[in-house]
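To keep things simple, chains are lettered A, B and C as they appear, and every chain counts its residues starting from 1.
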Amino acid sequence: MSVLTRKADRIDRLADQHGLSLWQEALRRLRRSPPAIIGAVIVVLFVVIALVGPLLVPHDPLSQAWRGEISEARGAFPGPRAENWLGVDHLGRDEFSRLIVGARQTLIVGVVSTLLGLAVGVLIGGIAGAAAGLGGRAGRFLDSFIMRIIDMLLAVPSLLLAVSVAAVLGQSLATVMIAIGLVSVPIFARLLRGAMLAQAESEYVTAAVALGVPQWKIAWSHLLPNSVGPVIVQATLTLATAIIEAAALSFLGLGNADAAIPEWGVMLADAQRYLSVRPEWAIYPSVGIIVIALGFTLLGESMREALDPKLRR
Amino acid sequence: MQAFRAKAVTAAVATAAVLLSAGCAESKRGETTEGDQTLVFGVAADPKMLDPSFAKDGETLRVARQMFETLVQPVPGGTEVEAGLAESWQASPDGLTWTFKIRQGVTFHDGTTLDGAAVCANFDRWFNATGVMQSPDVTGYWQDVFGGFAKNESESLPPSLYKSCAATDAATAVLTLTRTSSKIPSALGLPSFSIHSPAAMQKFGATIGGTTQSVEYPEYVKAHPTGTGPYKFVSWDVAAKRVTLERYDGYWGQKAKIKTVIFTAIPDEAARKQALRSGDIQGYDAVAPADQKPLADEGFNVLMKPAFNILYLGIDQAANPKLKDLRVRQAIAIALNRQALVDSKLPPGAEVATQFIPPTLAGWNADVTKYPYDVTKAKALLKEAGAEGLTLKYYYPTEVQRPYMPSTKDLFEIQKADLEAAGITIQPVPLKWTPDYLAAIRTTSDHDLHMLGWTGDYGDAYNFIGTFFDRPRKDFGFEDQALFDLFKTADAEPDATKRTELYKQLNAKIMETLPAIPISHTPAALVLGKNLTGIKTSPLSSELRLYTAEYTS
Amino acid sequence: MGRFIARRLMQLVPTLFGLSILLFIWPRQLPGGPETALLGDRGTPEQLVLIRQSLGLDEPLIVQYGKFLERLARFDLGTSISTRRPVLTEFADRFPATVELTVTAMIIAIGLGIPLGYLAARHRGSILDQLSVGWSLLGVCVPIFFLGYVLKAVGAENLGWFPSTGRQDPTIDATHVTGFYVLDGLLTQEWDASLDALWHLVLPGLTLASIPLAAIVRITRASVIEVLGTEHVRTAEAKGLTDAVLRRRHVLRNAMLPVSTTIGLMTGTLLSGAVLTETVFAFAGIGAFLAQAISELDYPVLMGFILFIALIYVLVNLVVDVSYGLIDPRIRVR
């Protein structure tokens, strides 16, 4: 066990779980857990807003229709009124419409970056796990080679990893998503590999090997499907961190530089200049970020707890 | 266990009480006894070092302004120059020889006396710079004003404007130039031409070494800046981001009212504002437009610095053949609703620019061609020029604030909306100010449009229009030999009245050919604590003199 | 024990080697370059050309990498583009501030987190449990810079109890021996300087503590639940030991192992959080310096920082490992 794999161990521990019945029981217990229900309601609501909201918004979120009414010099920024339910923003655009459309953009950033991390992480972790579990000596070598690289990524703080990506690729929405996705790659890879290793030791796999089932088939139809549980839990939690991290990147000036299309992190970063005049411009997107992150976290944590046999009593 | 807990609670309560009383003690800051007061000024960053002659950053220059003086200096609140360390000066009719009468009875902070020889020693130091000191990031201002050095180490450096300096007696320094220039004497008021104590420079070593990648600063510029100004250097705590200055009691003029001035770096703008409100600092510079009114309403002294800058929309004629067509450039100009932009996003006192120099400057021309907002006509012009459906790349900087562009992203969004209303499609190209933006604008040719501006260094129109248009530049990508020649004539004209006439002609010509579009002149603001007064603001960005400041109560 | 530590140190070599290659390649991928950052606003096109000449990277890559490694071996991380000082000096000057801040945050997080986690576990399913878990979760979900602004708006601007920025009142002319201001005040017996530094730590400390707090509450709760379920605790309960004794002798001690691991693992995350916290509070530590370096792409600083952080991370985990080895001899052999 290397020093750097300490963090990895914690991730591996989460992966230490078993088959389908666990899922069924977990689902039953989730239905009885208030945090899980709250989390699920928040998430569903958010997804609905993100999907349907932009079709129903009262105004074009990009149109600076009320710019004539704002004046930084006089501190004049129209507040909530019949026409603009939450007032207008610093460029004379409808704040409410921007928030709603921003929900979609925020969700896209969260989901895409998580999926990116998930896909790459699962690929790497899956190869390593299959190799280590089934591939004999050469497999173990391949596994340890891959894991060294992954450990190295774990050692670099996420923010710096993101900075590096942004520095190389330039500033854009894609960069933000790649950067945040990259940060979660080692976590997913570790997690899946650990879970697959645990499965590889189980009796039914030993039996399958003894029966002469091809290795790729064991990996594909036994190890992988039985190891996805913790990965799904992690993905839910990662969605929350991804949204918060996107906001942090915007705050540090590494967010999507072309911010015509509203996104909560960017809106929050923009609002900083107006904290003394219009604190609500910072509060709206912040509350949005907090609530949705809380939703995903509650759901993820409840799932984790429901799946963790050690916490059952 | 029980006893332990009780003890812990007592300790916690006691600690809290002590902390609270410490907190109360703190609120009395800045109100100590008369003559022993302290002013803490919030700045965005630490100075790079402490020698204004080899610095380009505003932070260094602002601190240096308190400690150093120049031969001539800007009049308080204006851009013309008046007597500084030179009581008076006289130019020969050809403008090549300048005789400065040096003020007597002035001492440096190390006790040595200012005389003609000391002044010339400073010019010798600048002119004889070698190695990394010839790099434009060290001696940029010298190169802007005087060109090259005694021995130019790079072919790209021009021959020097400076010829020699002679101290004919203790009270006289004679500066000889190689040709006539509009920059003298105004430019000598720049902080870069601050007069240092030759003795102190000798003692601590003032030659900058190393390479461009890793410049090595000598002791003098790091820890012993020695000038003649109202404040002298005490300490620079790099780790704590704090520069401390103290009143120089041997100052020749009016002595500083507040004894100690501390510059403390608070990089985040919102944090500077909160620090002012909670009393951590007593003032800061470059107040955001949106904060000016709220702070004034709360009773803070918000002082306006008159506009001495220009924000413009640059057009690169080499990047896109359509932009070579004057009608297209005119269409862009009238498609922009500049008045609306100024009204909505810029601070009080900002105004639409009709040309590239502010109205307060000699050479400003009331009769230049104007381009009032008219989106219908813009569309017609585009159609006429066969440029309908025009798509333009618009470069703009991020991560930067300047008085003339308080929020680049907002200014871009507004112009984009205007231009798109006229049927021009805009492709945004946001680039970080450092390190990418200026390099992209000034060394490549891909930027159809770009946002940039300029703050004047000293009170001469050439410092504005000459900087932009007196030679071919990649920024604008045009060649107009007649214009360039007219600039040469103006620069070499020793007679001020005639030169002003030439500047007026230049402004008219520029606004006719429209190589770029002037947008606005924007005043900057400075905010001071509620009971802090006596500071006179200047349009020049590096001009902030704190020695006249005082607490009223 | 010595061999154990030596073996752990040996394992660092490949990781650090890989990192050095990454760090070497990275800035060479960047668009633009340092030359323009050096010139600032007023660089004319002519000056830009001039300064590009004076730099220039024309040697073969492998030679450059050799020089790079050689400099690394001498702990020469290059010179910051924006401040013109050696990166290592900058770090050395600012590191104490960051340590002070993170330690404060850890103390707050541990002081609040362990009791909360323990209580939540003992009263599992109760309102207290839900509240402490919910509250700690909320802590992770609030963007840390937003929390910082809110705490400042309330604690510094409205109530005026705490200073809003910095590490110490600049008007206090304190002597700085170690760079740890609180410690310095104690060493030089300048009590007010020490108190003032402590006072400046409250708001940023609270802000940064929100990150580890949630994790600590969660891990404590989970491991206490686990320990409570084990045989020996049930036996002890059956024996009728009082709550306090039970807590001290059996539950907390056994639950501390995973908690201390987590604390070791939080270092990297905490340092990321410090970047945001220090920026909001103008707290002159490494984090604020890094934020500035990010916005200006001061890559000698960024590179140095990644290396530095990786080292710290590795060292902290080494310490955690070694302390493990001390607690549980079985780990040493593995």
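The rule is simple: a contact is a pair of C-beta atoms (placed from the backbone, for glycine too) under 8 Å apart; a residue touches a chain by one contact, two chains touch by 3 or more.
Given the structure is predicted, the values throughout are model-derived calculations rather than measurements.
Student: Please list the single chain whose C-alpha centre lies closest to the global protein C-alpha centre.
Tutor: If one averages C-alpha positions chain by chain, the most central is C.
Student: Go through A-C and A-B and name the pair with more C-beta contacts between its chains.
Tutor: A-C
Student: Report the inter-chain centroid distance for chain B and chain C in whole angstrom, where each centroid is the mean of the CA atoms.
Tutor: Centre separation, chain B to chain C: 37 Å.
Student: Between chain A and chain C, what is the gap in Å from one C-alpha centre to the other?
Tutor: For chain A versus chain C, the centre distance works out to 23 Å.
Student: Measure off the straight-line distance from the CA centroid of chain A to the CA centroid of chain B, and report it in whole Å.
Tutor: 44
Student: Which chain A residues sit where two or more other chains touch them?
Tutor: In chain A, 253, 272, 275 touch at least two other chains.
Student: Can you list every residue of chain B that touches 2 or more other chains, as numbers and ranges?
Tutor: Residues 270, 399, 432.
Student: What parts of chain C, by residue number, touch at least two of the other chains?
Tutor: As it turns out, chain C has residues touching two or more other chains at 31, 149, 153, 279, 291, 295, 297.
Student: Sort out for me which residues of chain B touch chain C in the complex.
Tutor: 1, 18-20, 22-23, 25-27, 29-30, 38, 40, 45-46, 48-49, 56-57, 132, 135-137, 140-141, 143-144, 154, 156-157, 211-215, 217, 237-242, 244, 260, 262, 264-268, 270-272, 274-275, 277-281, 399, 402, 432, 434-436, 438-440, 442-443, 467, 473-475
Student: How about chain C: which of its residues touch chain B in the complex?
Tutor: 31-51, 53-55, 78-79, 81-86, 93-94, 96-97, 149, 152-153, 156-157, 160-171, 173, 176, 179, 192, 195-196, 198-199, 202, 244, 279-282, 284, 288, 291-292, 295-297
Student: Show me the residue ranges of chain C that touch chain A in the complex, using the header's touch definition.
Tutor: Spelled out, the residues of chain C in touch with chain A are 8, 11-12, 14-15, 18-19, 22, 26, 29-31, 130, 133-134, 137-138, 140-146, 149, 153, 218, 222, 225-226, 229, 261-262, 264-265, 268-269, 271-272, 275-276, 279, 291, 294-295, 297, 299, 302, 305-306, 309-310, 313-314, 317-318, 320-321, 334.
Student: Chain C touches which residues of chain A in the complex?
Tutor: Per the stated touch rule, the residues are 1-4, 6-7, 10, 34-35, 148-149, 151-152, 155-160, 163-164, 167-168, 170, 240, 244, 247-248, 251-254, 268, 272, 275, 279, 282, 286, 289-290, 293-294, 297-298, 301, 308, 310-311, 313.
Student: Please output the residues of chain A touching chain B within their complex, sorted ascending.
Tutor: Residues 64, 67-68, 70-75, 90-92, 171, 253, 257-260, 270, 272-277 of chain A touch chain B in their complex.
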